[in-house]
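The following block contains the structure, expressed as structure tokens.
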Amino acid sequence: MNVEVGVLGATGNVGQRFVQLLEDHPWFELSAVTASESSAGKPYREAANWRLPVEMPEEARDIQVESTDVSSISDDVEIVFSALPSSVAQDVEPEFAEEGFFVASNAGWARMDDDVPLVIPEVNPDHLHLLEVQEDERSWNGGLVKNPNCSAITMTPTLAGLQSHGLSEVTVATLQAVSGAGYDGVTSMEIIDNVLPYIGKEEGKMETEPRKILGEFTGAEVEEADVDISATCNRVATVDGHLENIWCGFTDAVDAGGAEEAMESLESLDLPSAPEEPVVVRPEPDRPQPRLDRDAGEGMTITAGRVRDDGSGVKYSCLSHNTIRGAAGASLLNAELIARDHL
Amino acid sequence: MNVEVGVLGATGNVGQRFVQLLEDHPWFELSAVTASESSAGKPYREAANWRLPVEMPEEARDIQVESTDVSSISDDVEIVFSALPSSVAQDVEPEFAEEGFFVASNAGWARMDDDVPLVIPEVNPDHLHLLEVQEDERSWNGGLVKNPNCSAITMTPTLAGLQSHGLSEVTVATLQAVSGAGYDGVTSMEIIDNVLPYIGKEEGKMETEPRKILGEFTGAEVEEADVDISATCNRVATVDGHLENIWCGFTDAVDAGGAEEAMESLESLDLPSAPEEPVVVRPEPDRPQPRLDRDAGEGMTITAGRVRDDGSGVKYSCLSHNTIRGAAGASLLNAELIARDHL
Amino acid sequence: MNVEVGVLGATGNVGQRFVQLLEDHPWFELSAVTASESSAGKPYREAANWRLPVEMPEEARDIQVESTDVSSISDDVEIVFSALPSSVAQDVEPEFAEEGFFVASNAGWARMDDDVPLVIPEVNPDHLHLLEVQEDERSWNGGLVKNPNCSAITMTPTLAGLQSHGLSEVTVATLQAVSGAGYDGVTSMEIIDNVLPYIGKEEGKMETEPRKILGEFTGAEVEEADVDISATCNRVATVDGHLENIWCGFTDAVDAGGAEEAMESLESLDLPSAPEEPVVVRPEPDRPQPRLDRDAGEGMTITAGRVRDDGSGVKYSCLSHNTIRGAAGASLLNAELIARDHL
Amino acid sequence: MNVEVGVLGATGNVGQRFVQLLEDHPWFELSAVTASESSAGKPYREAANWRLPVEMPEEARDIQVESTDVSSISDDVEIVFSALPSSVAQDVEPEFAEEGFFVASNAGWARMDDDVPLVIPEVNPDHLHLLEVQEDERSWNGGLVKNPNCSAITMTPTLAGLQSHGLSEVTVATLQAVSGAGYDGVTSMEIIDNVLPYIGKEEGKMETEPRKILGEFTGAEVEEADVDISATCNRVATVDGHLENIWCGFTDAVDAGGAEEAMESLESLDLPSAPEEPVVVRPEPDRPQPRLDRDAGEGMTITAGRVRDDGSGVKYSCLSHNTIRGAAGASLLNAELIARDHL
């Protein structure tokens, strides 16, 4: 397979991750990058203030940055990744989808729209069939697929396994990394020797998105899972890696051993960016830790641990790399699923 | 009132806080400090590796350090503060209590013993009458009073107000400061760009101690409050200030406004170290924050915020200065209550 | 003495420090605060996003914010403190000075102008007589006085003492706190587990400003001191407190003991904000430390340490609180000197 | 080539790095690991509290840990890496060398001994001939080779290039990562929102070791280079990566361009762990940064930047990964040189 792809908003935090993850991709070839007007016309190496601790991929350095406009991208491109801010994305993404591009988007808008698949490939690949509903309703030549918010994506795969036990209630506290807010999102004065006990709109996303992802696709729509979720979100002084403390209630009784087994039962996919194990449960009492576990499975494995009985339910912690599994890697995996099954 | 006091284990993290807080105390005069054998005989200024960001009190600099032994402390001392590690405290504290000293202890052992008062003065001052039970049972000439663990003390005053609404269930996630582990308790490699998702024995303390503090003193014993508590404890990269995310369930329905009012209803005491307001609820969406709020009320006020409806219950966050309100200041306040009512 | 004062740019990082330091000032009464157009008309408590770990002063809460315009400030105000960004300050400060206000400015522009006094009161109070030169040249009814950049102010008082030994050469490496860049100046992603080895324009300021401050006022002008300075500036993950490593060369030979004595010889002034000791030399091998020493003398004392022989010169480290001694406190002390000697 | 190797002190910070770097090594096969008595007999996976953010190598997991004793290591092992604390190393390393092992040691003792090569392979590979002197003098069947201290190794390769211009004087300030002190070496309370302005014995090492490394091997001994070095060492809140600010004086005049060229002239070696470029000079004004540059060349490349004229000399900053290029990787590269040229 050889598919030309582009990255919309390629100079920002998540945009740079897309460019990095696409280096030497076996199926996808990066042939277009966009950014704001002021960067258009420059080679990517000049337009992007590269801040990842690995070198900028050779193949990206000389690509000319285009403005984020559907007319500036060649028809040869089949998939575009969107790292755009949500406010821009809601105008731009439909234009690309209409024009025939498949848009694998990390932006927040439209995630809960009825005909937009919100997908974690290992959890609900069948929701991708919503693309057919979408095509009927919107008459787009392409399509729009979303991945969840980084904080939702961290816990949802662990919850997916627990559904078989009648998962009914989730309480979650997050300890999120600063990269989730974008490069300039959290100032140093806010976070040194401190915690921010609030992240705007984050709790709402955590309380709704998993219900859709864990829901059932009926052929025409997704029926949300009947799980009550209550979230409290905090920002802590870590660069990457969202850690979450989770309490689960069930209609059936579940113990820690059963919960561990259920979490690890999630199967891996045969896709280039899919990790060997989507969820790993570590036995040590003091894991997962952001700095030690965020890079598991090249940043695509979710690490759980501290699974304990809690009354008739269980509690545990889990962690993912928020800009890989929680953002760029998530869109990439969605695109791989599309490429394999829908192109 | 003029009461001579001593500090057991005066050179460590909490011990230094005791010495600092006793500077210019209107009732108490520091006249004895103890440490391990190797420091005995030295003046305090030499024995203590002083690491607080304020200068060592003048009055403490020349006090000669004694070994932590009941025979080395003058009878003129009436109250001793214990900043000893629990393993040492369980041998030493009974000896002091037997000899006639009142021991205001921050050490973990014996907190749940039936005849040992576990007290937060604004919450359960009447539990101090357990000292009479203690005297009957142990034939001590003095007495032993405990304050709770720093993580338990942070949330318990907020829960106390909520009891009037039929508080039945508490879920709590903590983001605790490194000073809670003692000066050498957390290495820098463990916490830079990281979170430790586990603190040994901490969750058990949070799940039991508040039940006793919120319980009812019958005249002969304390009947524990019927509140289910489930805790998950994390260590984050803050120097001081434990932040806690809390979800409360009730037998009655409560809304956020009612909860705020209930929390703030806790009354202040007329004691030298009692803050004007034991619990303050801040209206800003992003408070409490450790660096900004830990010093409220000279470190003795607990700051709550983000009080929100949560189904038929509420959720909120709260914060205290863990080495002041959560340790040295807690014992000091207990001692002031004893001095006023029991000496 | 009772002098009405105003703060220009009162809602930013340094502006908030001015407001805090003016609380209960014995001579000055805060009666005017300015900010950008969008804040004008609001009470200060609403306009300022207060981020200091102490409460906003009662007396400031209800002051109505004016736009930063000379016509909006009452004539009753005699001194204005400027916490404006340099680009704004260069337009605004001359207007205030012309109109009759004394401007005690922390902004960078004009510091090296021939007729503008650049003053650290304990070091070169006589330079304030440049105000007379300024009056002659500019026909202003008021005057403009500058304090140095925060990184220059940290080392200059220690250098002042060393001048008596023929100080000729200074090499300095800085480890500066993030607050020096303003609230939004350094993002968290730049500084967690990292150092920024570069601060725009900072090195030039360090290499020139001390030469003027240490220079001699001839009655008509300041002759710069003949000291070669070479600086390298780094930003580290501290909230407040600039630490500097310094190597000094001399025309005479000096040893560590002589250097310590010379540094501590700087005399304190009898002004409300002057610390008892402008420079303290600590004997411990591992001081000064930002977190432990920045608050010495309420943030106005400079702490030196590690004074060692270095060939025929000496090397040492020193530290100051960059937003107090290095910014707001510096301007305040200048204003106190003006108020005492020039109003 | 197939050489069996062992790691002495394999469970500590640097020991773990050795084990990691030896994974899949083309020449070396890890067949022995030692630790303290209490770990002897356990498989490595149980004895080591593994804290690196990559998984423990498969091949190391089941190796049985031996006590650090020459009699416990098989004769088939030819090279042992020493990650021992210096106090232990000085007793143990000679025993291994006498018995016929080549000891590639990171420990501090004996670095300045006349007949012990102190080597950075790209800088002074010929010093390895001191092994012949050593053999004559000590009658050891094996040999002892040292790499410099991590702070010395960071700057020395950059200084090596500058020697051709008559390097005569070096002033250096360091901003060192906490991992350099070992896992427990720096507590979190010492470093959060803080800098430690002192590292015991570090400055002496920086001021002497480079003189030996940059010295000339005459065939019988090393004549130290005539370079005056003055160092000040600081510990900052970074996990890995020592950053250094350097000022150089020369007997000839040098400008920034010439200095850059000289630094980059250091040639790479054809050894498995040698990076393609030993020293890279980055053009950006704000590099090198610890988090972004420490992993250059898999942690073996030294990154310089900010090269500027400074009077008739130059100043610049440089950085290396202190536990790879500065410790385990340094010993490993020495061992590769020995294996190629001396076995």
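As written, the chain order gives the labels A, B, C and D, with residue 1 at the start of each chain.
To be clear about the criterion, contacts are C-beta pairs under 8 Å (C-beta built on N, C-alpha and C of every residue); 3 or more make two chains touch, one makes a residue touch a chain.
What you see is a predicted model, and the numbers here were worked out from it, not measured in a lab.
Q: Please give the intersection of the contact partners of chain A with those of chain C.
A: Intersection of chain A and chain C contact lists gives B, D.
Q: Using the stated contact rule, I'd like to know whether B-D or B-C comes out ahead in C-beta pair count.
A: Per the contact counts, B-D leads.
Q: From the centre of chain B, which chain's CA centre is farthest?
A: D
Q: Centroid of chain B to centroid of chain C, CA atoms only: how many Å?
A: The mean C-alpha positions of chain B and chain C differ by 40 Å.
Q: Per the centroid of Cα atoms for each chain, what is the distance between chain A and chain B, given in Å?
A: That pair's centroid distance is 42 Å.
Q: Could you tell me the distance, in whole angstrom, between the mean C-alpha positions of chain B and chain D?
A: Averaging C-alpha atoms per chain gives centres 47 Å apart.
Q: Residue numbers in chain B touching 2 or more other chains?
A: In chain B, residues 51, 192-193, 237-239, 291-292 touch at least two other chains, as defined above.
Q: Once bound in the complex, which stretches of chain C touch chain D?
A: Per the touch definition, chain C meets chain D at residues 171, 173, 175, 192-198, 228, 230, 232, 234, 236-239, 243, 245, 247, 285-292, 305-306, 310-311, 315, 317.
Q: Using the touch rule from the top, collect the residues of chain B that touch chain D in their complex.
A: Answer in residue numbers: 13, 51, 178-179, 183-193, 237-239.
Q: Residues of chain A touching chain D in their complex?
A: Those residues of chain A that touch chain D are 51-54, 192-193, 239, 291-295.
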